[in-house]
């Protein structure tokens, strides 16, 4: 079927390419001319503007947004909405906060448009392995979009699903990322303990490799960890500095709002904040307090 | 090669069976006559006593202990040691605490015997899928035992390894289990958040199934979780009561001893303790304090 | 000076009484006739309506809101605003979320009114001991209100302060309560450990009493804890059920928004959520997982 | 009464001085001649050796150990034991681990000696304010020692108590310190949040001062914190590096052994470990994993 992809960064370009390879008619827009040129070589029709992109699609039009979460989604919708007509479908395939999605869906519904949210996992590996997709939206929109999800997924029947009404897709993806934070932190702590146990001189790559087959902790994240430890067993040159990209803190806050105690997901996030805190006021104050009541030595900066 | 298995519970019996199927000559002892009878049907020679087991092996004898961690290991060694001769090998395949292993290895070394520790993962699935094994011990003992590990592992070259000196195997397995606690808790929290979000009416089994293919959080534990959610989507009839079997708390304490901050592994353990605490004194005292300073209502039992 | 108190629950009535005792001219409104009658006996002029309350004050009018955080504050402002004139001052002495305060201040400022936020600690003890007050607002409003704060505080110069612009008072009070959560949980855990150590048969009230004098952990909360343990050493009849009233979760979320890792404050809140979770889905799923990979027994409900 | 103090560091010297000022006959030994000279000026009889110290005491002798926890206690007992006679009393006033105390008490009991453990709080302030003391031991020994504790405590009846059999004193002090860790971390996090909220430009010393009177979080630790913030509002020149001195990790481990979930005390300890970890392997591995699955940028060292 026909689809217009908005946003041709790595994720958007790869998804467009997987769709084109799967026999779909894909056009694409990105403000960067280089990004447009890159996809042209892969069977995707580049459009110079959102207007041109929409003009090239036949009704009901399907537009897939693959842009960073936040204001850019709203700005893109501002431009898109006047161009679209009743019955058209906009899919947000990015990591938007599900409450933003609910708000946007309301806006599109008032214009007679469908808004579908697709939480997408798979990252840089999706082009070849397929994407895991949690989709929220109305039944009739989903019925129309089925061929697209069947092509993007690892197989037509696995790795994707219509999980609920609009918002449910991004909500599920948000929690997916929260779980991911917890798993990553669990592995990281485990390998840090192994690394610190100097008397056993453990080969961390070997341990990861053993765990990859037959063990209870085998996983795709462990496969990645094994690769990372193979390439760089001592993590040389890598700063102990861990970013977070939003979903983890949304999950932590959502858990609070739902009165669910989620200590491991929450602590995984706090550890990332902590990794970026090289000059902790709390720790300085603790050192000062210890000096105050016990005369304990303060380490000078 | 020839091996005597001590302990024919599910784990020991399955390992003996996998070895027998792999062409090894396996005898086995268990205090339970029923356990001995069961393995006899699977090509394993049952022995009525440790004495008989050892008498039936040719030197250098290889005895594999698959008994619960703790005093039983020491008791078994008390009986075994006088029966063994210089150059014989005892393997502890159970979940012993690595410091107990170091102590026992010292004792066996003084008697000229080898002590090899094998941290074994794979549980009830090992018979068919193979076991993941982290092995500690001396090089010459390991060289002799190689055919055994090659048969027990998922394949001769995957899922097992000689990770270091005696103790290193159980140490690595201990940390493996710590990581497992963290991963399990991460999944459990994630699904609890999804379950609590009533307005989306999410089908947790469907979500697990989507995540199983292509997602960043796919893993063997997730496969199990999907199975559990398929059989019992609401966890009906299951008490919110989570046991722990030692390795998690050893890992948490070891991390403290090594000055490694491991909040996620540690909190995963605390959550299990918490699940068994139905009458928390701390919570009662908190309720009493709130009443004291703010006049907040106390819920009566 | 002259002040109208809106909300004559325990907190509002006590504050009005302390002000009247301090020589101020205090009137008060509460929708409950009983509440109005109660304060009339304490030298406070009851008003039948907000209209009557405002009508009885001379300009610049000072109205102190002591109503529950949330919608009631906005509703009260809806009624109050048309009654007030340029230069009048509204003080919110409740536990409002500081971002609501910022929004409300904006609204009042547009009408030429001052909005002052006073985070108030001291609870049921404030009438006799004085209130600890963190005040946010404009300098000129604060200059006018100084006599009120000097009367409400433990002494004219202690226990209160103008901490910053509007919003800063409620922000500081919010963090105060976050710290309170952490301290309470620290004590609760400590006494729970002492209580569990059965072989020492410790008298928890005695321990609290020892700590009250000379120790590093002495505090007002410990005084309360000692009282609670004296009256009810075993916490008999008290359910292990701990409410939270908003400030803790605001603090936890604010810390995330500020990228500050605050694990102890956050975990203190999660423990309260946990205390109310008697049928944890997460724990049931963990039990089911353990059964899946290790054949571990599930406890039936 | 008569007492010999072993260890004339700051704590021991101050306690000896408070006892001498209270009318007791105090002698003291320390390997450092300077330490011995210092106390001589304060009415304490210095002894050149443990032998001389014991020789100068009349039976039943009372010897108070104020030496660092660990091997030094055992070494001191090795020397002392042959010098003492049946009925003599040794008090360990230091921060020994209570299980070491139980072991040592067993040894002394076999020699007919009493062993009394006194968990001592109050640090550098004890000389003037008195010490908070949690004492474990046999009733008859305690009856004899009562005058000593009445002098050391803030008053004869407050701040000290006989909490249980030998070991109970150090156990209670250990938990006291665990609670202290939690409280300190709660304050530290609170002030760190206040400090980070740049738009309110809060004066942290002012906030601490407000909280010191009338608030729910007032405490002696807060008084110290206010002092620290007065002297150094920005914590300039202080490294964010927090030591721990044993009791916190003993408490965390003991909670695990007792199956008590103590997340706040435990996390307070982990935060201290974390403060000393400037090159976290876990964080580096997390950064490498993020790069692996999402192509996220790694920060170079």
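Per-chain residue numbering starts at 1, and chain names A, B, C and D are given in the order in which the chains are listed.
One rule holds for everything that comes next: contacts are C-beta pairs under 8 Å (C-beta built on N, C-alpha and C of every residue); 3 or more make two chains touch, one makes a residue touch a chain.
Here's who's who by UniProt: A, B, C, D = Decarboxylating 6-phosphogluconate dehydrogenase.
Since we're looking at a predicted model, the values are computed, not measured.
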Maximum centroid distance from chain C, chain identifier (CA atoms): B
Chain pair among B-C, C-D or B-D whose interface repeats that of A-D, sharing over half of the contact pairs by residue number: B-C
Contact-richer chain pair (by C-beta pairs counted) among B-C and A-C: B-C
Geometric centre distance via CA averages, chain C-chain A, whole Å: 39
Gap in Å, rounded to a whole number, between the CA centres of chain B and chain A: 34
Chain B and chain C, separation of their C-alpha mean positions in angstrom: 48
Where chain C touches two or more other chains at once, by residue number: 123, 185, 187, 189, 192, 196, 216, 221, 259-260, 262-263, 267, 270-271, 274, 282, 293
Residues of chain A that touch chain B when the two form their complex: 121-123, 126, 129-134, 136, 153-155, 158-161, 163-165, 167-168, 171-172, 175-183, 185-187, 189-190, 192-194, 196-197, 200-203, 206-207, 209-222, 251, 254-255, 258-260, 262-265, 267-268, 270-271
Of chain D, residues touching chain A in the complex: 10, 123-125, 184-185, 187-189, 191-192, 195-196, 221, 224-225, 227-229, 232, 235, 237-243, 245, 263, 267, 271-272, 274-275, 278-301
For the chain C and chain A complex, residues of the former touching the latter: 216, 249, 252-253, 256, 259-263, 266-267, 269-271, 273-274, 276-277, 282, 293
